[in-house]
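Common to both upcoming complexes is subunit A, partnered first by subunit B, then by subunit C.
This part shows the complex of A and B:
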């Protein structure tokens, strides 16, 4: 198939033709399209708009706060759907303990309210509206009990009401919220003036890169020697994305998707470097890890290649920790069951396989108290996104 | 009237669980069956999500006892469950023991109705009578 695939990252862009993949460091003084044309004009000219497919993770995902009635159902289901839509969850709040939570100061892209089967009633009271008034958010959606919808709509401005994600058998219905969140994510990407301009060279929809990578996963074996079950970690300039098979999650949620993903919006090594350092400094094992790497805390202000390497290694450790039973705030993966960890993104340009394996081994020993040693697979040529990038025909 | 039911802990007596669901349905209850291997928190969460008035936990061979000790504490962490009717039935002890000994123990754990080695219909008749007395049915 003669298609041009373009991935616009926060640090690099990659241009893939059937012959090769070009990678270019972005010039931040230029509009993305101008930069792209300047560096790849001849390549782009060879393709019609219909044959150009673009994805981007340059905007780093949406931040979400979820207010749910219980942990076992509404919060768990909404979190699962949000994760699967590439959303970054900054807080999940149990409605009945609303007053115990501190108010996030960041702007929240979307607030999700959920709870109750449709025949339940009188669930949400004034305390919900008072809490919402203190939040700073752009979008708000209700996906809970039908009997509550009208009341909430009267009291909450610009509330979007979608069908309940909890059915009358207490099972999850994910599609409506997933489509809404995926579209919001999409609008967020396209809302960037830079990204909109890219429609000058493509007639196809521009998708988020995590969405495209998730489409790739069932076909990853066509290009890589990956042993199931596996996880894929994409450490980029602005975000770190994790893609995983649902076999690795204990949560008993039956959905149609074989793979889910998480986007850690503030865990990248260039654009969100400061928040990565903050997360590292808040982790009690990081100083042991720095000692293991034979560096000191001064490395955080080191702008050299060595400093970037250590940041990348910290990012691997932090993201694995966030997925482990050691930290309960995110989905816990059965990390002792995985056989491969696939790495893609800028990390493959900075770290060698040995340096990555060293961190993984440190993580398993220190956090999971295990000698387990999953195989490391590096996507050094940014091939992974290309499998899912070219539309349906490419993956079928 | 809504009833949340299921089998607590690592107990897997799925047949009895299904029979309880069928019997409750036949008596006109709206049943939310959480099945086997259910944690206590899931029971209470299901009550909150559904607005159920009755929680009926079943258990075999004493599996419930280890879990039931935490019921009062856990229930107190939820708001609005004060009027929930709590019922437990099955074989509620490891080995053998008299109902006279077991029933007060489980009532002390926080159950309103306790049925140790009592047949299902007798237990459900008693539940219905209890609900009538409380003006709930």
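This part shows the complex of A and C:
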């Protein structure tokens, strides 16, 4: 099918036609559309607006704070829906311990309040309203127990009420919140001048890149020799995204997707380089890793290609560590069961398969004390993005 | 290299597998003794095959168990796999195996086949030269099944539904279907080299008030999923329901419909067998009663005309049975089978008709799902509650269907949920029960029905 696919990242943009894929480093002094036209004018001119599909992760996504009742249900379900809608979670707060949390100073794009099954009542009290008064947020949505909705609506201005995401059998109902969050994301994109201008060249909706990638994964076998279970790591300029097969977690939840997503917001090699280095310096194994790579700490201030390579390698090590049982986090993946690790994003242009495999075996040996050696697959040609980016109908 | 072969090489490059030699394994299967193939025994034996359950962590103890079984005149040896291996946790299984070996205490509840490896296990299997049935419960059994076949185990129990809905709470069902597709393909490929590898579905499911229609539908679907990948020998199974009449009806219907549906997909050349499980629910703690129950199961298996019976022991209520108790059951079952002659053939036409209508209706709803592959149709049907297994812990299962026993102890559906039980059948099922009681009494009846044999 003759389509033009464009992915706007925080550092690069990629332009794919049936013949080839071009990748361009962004010029941050220019508006995205101007930059795009300057570099690919001829290609863009060949396509009608209907045949141009754009996805973007350039605006970094929306930030979310979730207030819930339990880690195993309300918070877990809301986090899962948020991650899979392309949203970044800055904080999740247990309602019972509300006073123990400090108030985030940044503006929060959306606050999600969740908790209780529909037969409950009298869950939320005045302390919630007091906490919210101190918060600086743009949108607020309630997706908890329906008996609480009226009371909360009276007390919280501009509260959006959606059906409970937990049903009476404690299953997750994701659709309503997912649609709400993706629409917010969409509005956010439209509100940002840079991205908004891209509607000059496309008549199709601009989706978030991770949302597209997650939808693509069930079809990955059409392009790659990937053996389930696998994880896909997308190391970009601003964030690192992990898409994982659900049999890698013990306490799974039933959703429409076969794959779930995790995002490490400030773990990128360009825009979030400083926080990547900070995370690396706080990891007790990193100095061994640097020694293994035969470099010193000075590499952190090295601006050369070699410096970027080492940062990429550090990013791989750090995300694997964050998902392992070594660090307790939102999700701990069963990394010893993985048969394949797929890498996509800028990393495939910088590191060779050998350099990646070296880090993976270092990780398994040091952190998991294992000789396990999952197969590494590099998506060097951005095939994963192109399978999904050609419109929703391609992946449904 | 085919995609399947590429996948196999990755699966078998696991650090717990000691250099898997594909060519050598193929050669072994090609030349293996026919005695190791249960499919061969099904063809040639004139009696019901008797198979116990059992698995010990160490090679030494498993070997001793097999010796006991052989002395008790067993027809099919079991190899029950430990729970860590079932969950693909080979590292823990390895550690526990070493502890079991060093301390002579069983630190695992079965035989960790992957850790023992196929070269070691094959020595034991070929030594006894009897068919071995692999009993596990593994959603992702790819590595286990490769190791089993390489060891000389040519009957593989399980399936994506029957090994998931009763055993697992969270494992994703869609993944289980894909992993079992791999297993079916591997079994089908090896089946071309010698006698067919037999696949057996696990009919008891939760063993708790599962109505016959649900059991049969799931048996048929797992059979079809297996046959469509090229498997040529398949066993459908079910366990004692608690009603002799319902068991006999179920046996007749499952036989008829398995042949019917196999033909529907052009696989009538496959051999389909019937396996009967002795009572799988809660056992009486009184060991004499347990023996009576086991003996009764054997009689019913004869009336059902099963090709194989899987036994239980008098120690069932108190823990993992000893090898002595296990061997005693085998010997007793063989004795009972030997003296059961000329049993009358019982047919309950009305019950058969109702059950057949129910099964066809559910199967039709599954086939009508718009998905493009059978596994996805089945997956969607479970997700939508068209197939609903009572008391399954799995998060995807609807648990909307409610069953109870009628006065004759038949399992009846009193709430169908989304399961498309035809109106006439539904009315018939409910009419057999006394539903004029208050809810609490009905709930108490259900609790009593679960523990009916205790």
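Assume the second predicted complex is superposed on the first by the 389 of 396 C-alpha atoms of A that agree within 3 Å, B and C clash if a C-alpha of one lies under 4 Å from a C-alpha of the other, contacts with A are read in each partner's own complex, and residues count from 1 in each chain.
Keep in mind that, in the parts below, contacts are C-beta pairs under 8 Å (C-beta built on N, C-alpha and C of every residue); 3 or more make two chains touch, one makes a residue touch a chain.
What you are looking at is a predicted structure, and each value in this text was computed from that prediction instead of being measured.
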item	value
First, second, both or neither for A:245, with subunit B first and subunit C second	second
First (subunit B), second (subunit C), both or neither touched by A:72	first
Partner chain in contact with A:96 - subunit B first, subunit C second, else both or neither	first
Touching partner for A:187 - first (subunit B), second (subunit C), both, neither	neither
Subunit B versus subunit C as contact partner of A:166, first or second or both or neither	first
Partner chain(s) touched by A:352 [first = subunit B, second = subunit C, both, neither]	neither
Subunit B versus subunit C as contact partner of A:117, first or second or both or neither	first
On subunit A, positions contacted by subunit B and by subunit C	169
Subunit B partner contacts - residues on subunit A that touch it in the complex	69-74, 96, 115-117, 119-121, 166, 169-170
In the complex with subunit C, residue positions of subunit A that touch it	169, 171, 221, 225, 227-229, 245-247, 249-254, 258, 334, 336-337, 339-340, 370-373, 375
Complex interface listing, subunit B residues touching subunit A	2, 30, 32, 34, 39, 41-42, 44-46, 48-51, 78-80
Complex interface listing, subunit C residues touching subunit A	3, 6-7, 10-11, 13-15, 88-89, 91, 139-140, 170-172, 174-175, 178-179, 383, 395-396, 399
